[in-house]
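Following this message is one structure expressed as structure tokens.
Residue numbering begins at 1 within each chain, and the chains themselves are lettered A, B, C and D in the order written.
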Amino acid sequence: MSNTLGKEFSVTIFGESHGAVIGTVISGCPPGLDIDEHLIQTELDRRKSNSPGTTSRREPDRAEILSGLFHGKTTGAPIAMIIRNKDVDSSPYGEELEVPRPGHADWASFIKYGGFSDHRGGGRFSGRRTAGFVMAGAVAKKLLAEAGIEILACTSELGGVKAGKASPQEIKASRRNEFFCPDINKIAAMQEAVSQAEKDGDSLGGVVEAVALGVPPGLGEPVLDNLDGGLAKAIFAIPAVKAIEFGAGFAAARMKGSQNNDPFITDGKNITLATNNAGGITGGMSSGMPITLRVAFKPVPSIAKEQDSVNIKTLKPVKLSVRGRHDVCIVPRAVVVVEAMIAITLADFAIRARIIPGAVR
Amino acid sequence: MSNTLGKEFSVTIFGESHGAVIGTVISGCPPGLDIDEHLIQTELDRRKSNSPGTTSRREPDRAEILSGLFHGKTTGAPIAMIIRNKDVDSSPYGEELEVPRPGHADWASFIKYGGFSDHRGGGRFSGRRTAGFVMAGAVAKKLLAEAGIEILACTSELGGVKAGKASPQEIKASRRNEFFCPDINKIAAMQEAVSQAEKDGDSLGGVVEAVALGVPPGLGEPVLDNLDGGLAKAIFAIPAVKAIEFGAGFAAARMKGSQNNDPFITDGKNITLATNNAGGITGGMSSGMPITLRVAFKPVPSIAKEQDSVNIKTLKPVKLSVRGRHDVCIVPRAVVVVEAMIAITLADFAIRARIIPGAVR
Amino acid sequence: MSNTLGKEFSVTIFGESHGAVIGTVISGCPPGLDIDEHLIQTELDRRKSNSPGTTSRREPDRAEILSGLFHGKTTGAPIAMIIRNKDVDSSPYGEELEVPRPGHADWASFIKYGGFSDHRGGGRFSGRRTAGFVMAGAVAKKLLAEAGIEILACTSELGGVKAGKASPQEIKASRRNEFFCPDINKIAAMQEAVSQAEKDGDSLGGVVEAVALGVPPGLGEPVLDNLDGGLAKAIFAIPAVKAIEFGAGFAAARMKGSQNNDPFITDGKNITLATNNAGGITGGMSSGMPITLRVAFKPVPSIAKEQDSVNIKTLKPVKLSVRGRHDVCIVPRAVVVVEAMIAITLADFAIRARIIPGAVR
Amino acid sequence: MSNTLGKEFSVTIFGESHGAVIGTVISGCPPGLDIDEHLIQTELDRRKSNSPGTTSRREPDRAEILSGLFHGKTTGAPIAMIIRNKDVDSSPYGEELEVPRPGHADWASFIKYGGFSDHRGGGRFSGRRTAGFVMAGAVAKKLLAEAGIEILACTSELGGVKAGKASPQEIKASRRNEFFCPDINKIAAMQEAVSQAEKDGDSLGGVVEAVALGVPPGLGEPVLDNLDGGLAKAIFAIPAVKAIEFGAGFAAARMKGSQNNDPFITDGKNITLATNNAGGITGGMSSGMPITLRVAFKPVPSIAKEQDSVNIKTLKPVKLSVRGRHDVCIVPRAVVVVEAMIAITLADFAIRARIIPGAVR
């Protein structure tokens, strides 16, 4: 079940960059949820983004729901959804892989799959697969919304330009700008960084920050199926992710216990936490505080700039300038993808912890 | 199967800090592997550590193998192992949880399990469960060694004191000092930091760095059961972990593509990579380069210093000074635990990718 | 992962009888296998059957492969396949379920899914889902054929008419007659039974017998993931199955040990078994002998004859004569479905036991 | 996870016939359940049985609970339990397997595990592993009892002697006789059959019949994780099982639809079924009727009577008379084991369908 995420709310992904479709099947979605193609489309459109430096490949990415709905509601049956690949140009890719592109999965997949991989546009390893994540995430978000859970993400850093610390309100407002940046004072600098990288034939990385609001205590199944571990596993399925931290993250390693521990406080009725260095997770379970995390994306590996590679047939060194249509920086487009993976993971844990009824009785 | 890690080489964990035992069951270990209690004990003893600031709880942690061996070799049957808890002092803990300790799982587990959790010493959420991880890791390491894979970890940072970048040889040599620090020039400063924290009734965190050598390309099952995602999930099962990064990690987010991409080079016979910013993983699969990762540990939450908490029965605020016997810093003791979780994960992926035959025919 | 069968070769199913499609996603199929739509179609066509008493719904059932192939070969990526529902007539079904049909899943699914199920034509519980099984089975069979494993099934009993014991050759030859009956002397009686039931507005059941040839010893992962248990689980996913037996099955319960045990014999070079009462499975593992099993199908629940039911809104008893287009007996059409479920199960166990390499290195 | 059954209520098994222990770990048992060793012991004692023809191996089978309880209640943590093997006599078994015993797993496991299996007393393939099933089943039964679900089984047939059809009351009463036979008129004949087989150095099989009362509609997760499929998979993990049928089973294959369909009836308030040919399962889900099933056990393969086998080292034919201490018929002892496997399976499906809260909130 290598290709399926989640135990009760399970997501399966299929499709390739230059194949017929990108698709997903959700199994275990509870019945009675209002879902339509418009809901899916809204999320898919956020993934397309219009920020400068985005690929010139123009895909309509129209969601088709193939199963699992009746009278506009989920039925408890699997929900299959696809988008069709329309604007495919395989001309920059030969019949077979000859020169693996540095930073891509070309080489590892060539070895692992004995040379049978579809290498065109990265095949299944392409970022296009994240459209499948986003479609599944749209359903997961809708489900979580029923339980009062909301997931928000933004571009926290891009090409070395850092946004200031953002409140949930600012993160939400960031959906209005094309960088999904919560700090409008940094947008110009981000734009400049992208333009420069584009001019240089180079690419940029960055950091996506996310928060999940309204998560009750008790999500996560310790000690080997933890909430943080589950979120990390889901998020590392996004191409280009190299690191994840929860709450204070790496900074916590430099704190004293007395600084890092989140004290309990009370108003005489409820117990809550005064701070949230833990990022809403203790002992692998949600604590009731917002879940906060940060995800590092490496720069896009496809660059026009010349790089060293090797022709795998002749075993001769070659200089490679990656052709094809590529993003200079995918961080803004990854914002909705990070939200999707968080939503899929929380939906599964919420069903398993009975926050959301999985099957009705 | 919330309590089981791995699909073909599967590890189940049981036991509590103040219960009778800590134990593990390994299922799917291939037959014919030489295993004995001495092998397990050697790893358990590394976890005990003797560094200053380590808990005064003195457990012999004697490994007992209950099943799965015949004539000193694995048989393909499940391997159950336990250590008995001997030096248990439950006196600092009441019959029931009254005041949740900040930074601990007390509160989330109290809610999730309806007040039925064993809270003494943190119960199953205690760091003692990592003894189970280490026992399973000892078997996984032995299995990987047959395939030429070696896993090494060290204390890269402790209480803000950073070791310089370490070679695999230096990491290996670090086993000789009590901090497992690869940079002997930093040991005195680490010792000083621990002494000071101890004096202050406070605690410290740090960073463990690890490398897996000899991993062939192709481990990991994309796109939803990736090697990096699997490692992250396993490592987040270790108490106090708040972040993980592979290769250049968060630093990659600030690089240009031309800086971060690892170029391919050749000697005319083999293809390899000139650098390893990817930390040995591309597209969710091993690339053939060493797998490198860094893990952030928050400071130990149990501190003598007074903290704010709330009595969950009276709903009154209380000042809490955590009694019981605790470490000031668990980072050196966590080194072998990180190694264990990496080993368990690689063993599973290696079997699934046919690097190691799972069942003989 | 309720909707996915198999651990390394995993099959996910989606679609409803009166929805847009029936589909399947295969994950973990090894790369390099020659697959095309013709191969899938040949198996789908066997499922359509032309035997008397088959539904008048006329579906072309054209297989479309959406992903997972490159240059006509599998790539190791998920293989998604669909057929479109063309000849749908939902007129006999109201907007909502009012009167559950006896013998169907209508009632249990109404309760389980809170009234949100798509009840038209049985929705996802319809026998049409078996088209998804057959598509996945076609790929599994091709994979097994590479390892010399062949799966054959036939109609062993229909409406009380029993075929004599059949050899593998006779089972294979049975594909030529419309009842898939290995005993040509019984075809006329089967035809007569179907005609009579049709006249009576009634339906028939029967028994499918299957054999898997060329299965080497060692498939199955004891003691909780056994070959017989895995086959049974897969086969009970076929609608209308009520019983399964391996080898001598229920008859073994009446034998003495001395009669039932299969003795070992040798030609001085190889060891084999003189008889096969065990049906090729001992200790949950294949023994090297042919795997033999028999599956009981209840009669089709949809009958024209009046039956007692209850209107779930008015809670009044009603007489129900099931309209819509239905088979009188699905046993001949189920033959290829039983083969498919056996193939899917054996493919998964074969990959896991390293009989077939799952990922190439 | 080959060695683990169930998704949310998961059972792992370890131990060998001639090893130190037989054990089990239950993960995912909800908190707050009253469990003690006496409860486990009562079920273990039923497995020992005192019927004539039972092995002379005398094991106290004392249950030890190693983890998962606090103040006599489950905590949500894994429950590990063991019994120690005390009366082991390995003298009839050599250092290595030389002559595989017909009807046993000796041969298949020798091949699968490359000769490394512990063959003494059948190793992990011995019926002794069912003590682990019974311990886990005791917890599952307790959990189900909270939801009003009761599981009852009996010896329906032994050595060809058939008991008449039994009501749940008669099945329950059968616990009082040593054959667990619901039809007291047949006990003498069963006794006679056992005595005769013992005299002949031969062995007997039989049929266990079971019923689960109080199961609400909606257990089972269609279409690939069905209730019948799950029960079948669990029950085939019991050694010597060769067939299973639900409700009318094989007899349904010979009925007409009008005979086999269970009509719905109503008292104006509730809807129920007039008959139960389906055995309480339609569409892979419980229907609300009692779940009824029958399980065929082959005769014990270990017999004193001479059989043909082959020495695997010399490849010469040999005559084998199985020494060691064996049962003549295990059917009465299997009654509680069948109950246990049903209980484990229902507990998992009940938690997943929210009949029983898995985690408290």
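In this text, a contact is a pair of C-beta atoms (placed from the backbone, for glycine too) under 8 Å apart; a residue touches a chain by one contact, two chains touch by 3 or more.
All values reported here derive from a predicted model rather than from experimental measurement.
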Key: Reference chain D; chain at largest CA-centroid distance   = A
Message = Counting C-beta pairs in contact, which chain pair has more, B-D or B-C?
response = B-D
Ask   = If you average the CA atoms of chain B and of chain C, how many Å lie between those two points?
value = 45
Task = Would you mind pulling out the distance in Å between where the CA atoms of chain C average out and where those of chain D do?
result = 26
Task = Averaging only over C-alpha atoms, locate the centres of chain B and chain D and give their separation in whole Å.
result = 38
Query = Which residues of chain D are in contact with two or more other chains?
reply = 1-4, 7-8, 12-13, 28, 109, 111-112, 124, 217-218, 221, 352-353, 359, 361
Key: In the complex, chain B residues that touch chain A   = 1-5, 7, 11-13, 100, 102-105, 107-109, 111-112, 124-125, 129, 157, 159-160, 197, 200, 202-207, 217-218, 221-226, 228-230, 232-237, 239, 241-250, 252-266, 268-269, 271, 274, 277-279, 282-288, 296-303, 305, 307-310, 312, 315-317, 352-353
Query = Given the complex with chain A, which residues does chain D contribute to the contact?
reply = 7-8, 28, 216-218, 221, 352-355, 357-359, 361
Message = Under the definition above, what is the set of chain C residues touching chain A in their complex?
response = 1-4, 6-8, 10, 12-16, 19-21, 23, 25, 27-28, 31-32, 66-68, 70-71, 73-80, 82, 95, 109, 111-114, 116-118, 123-124, 359-361
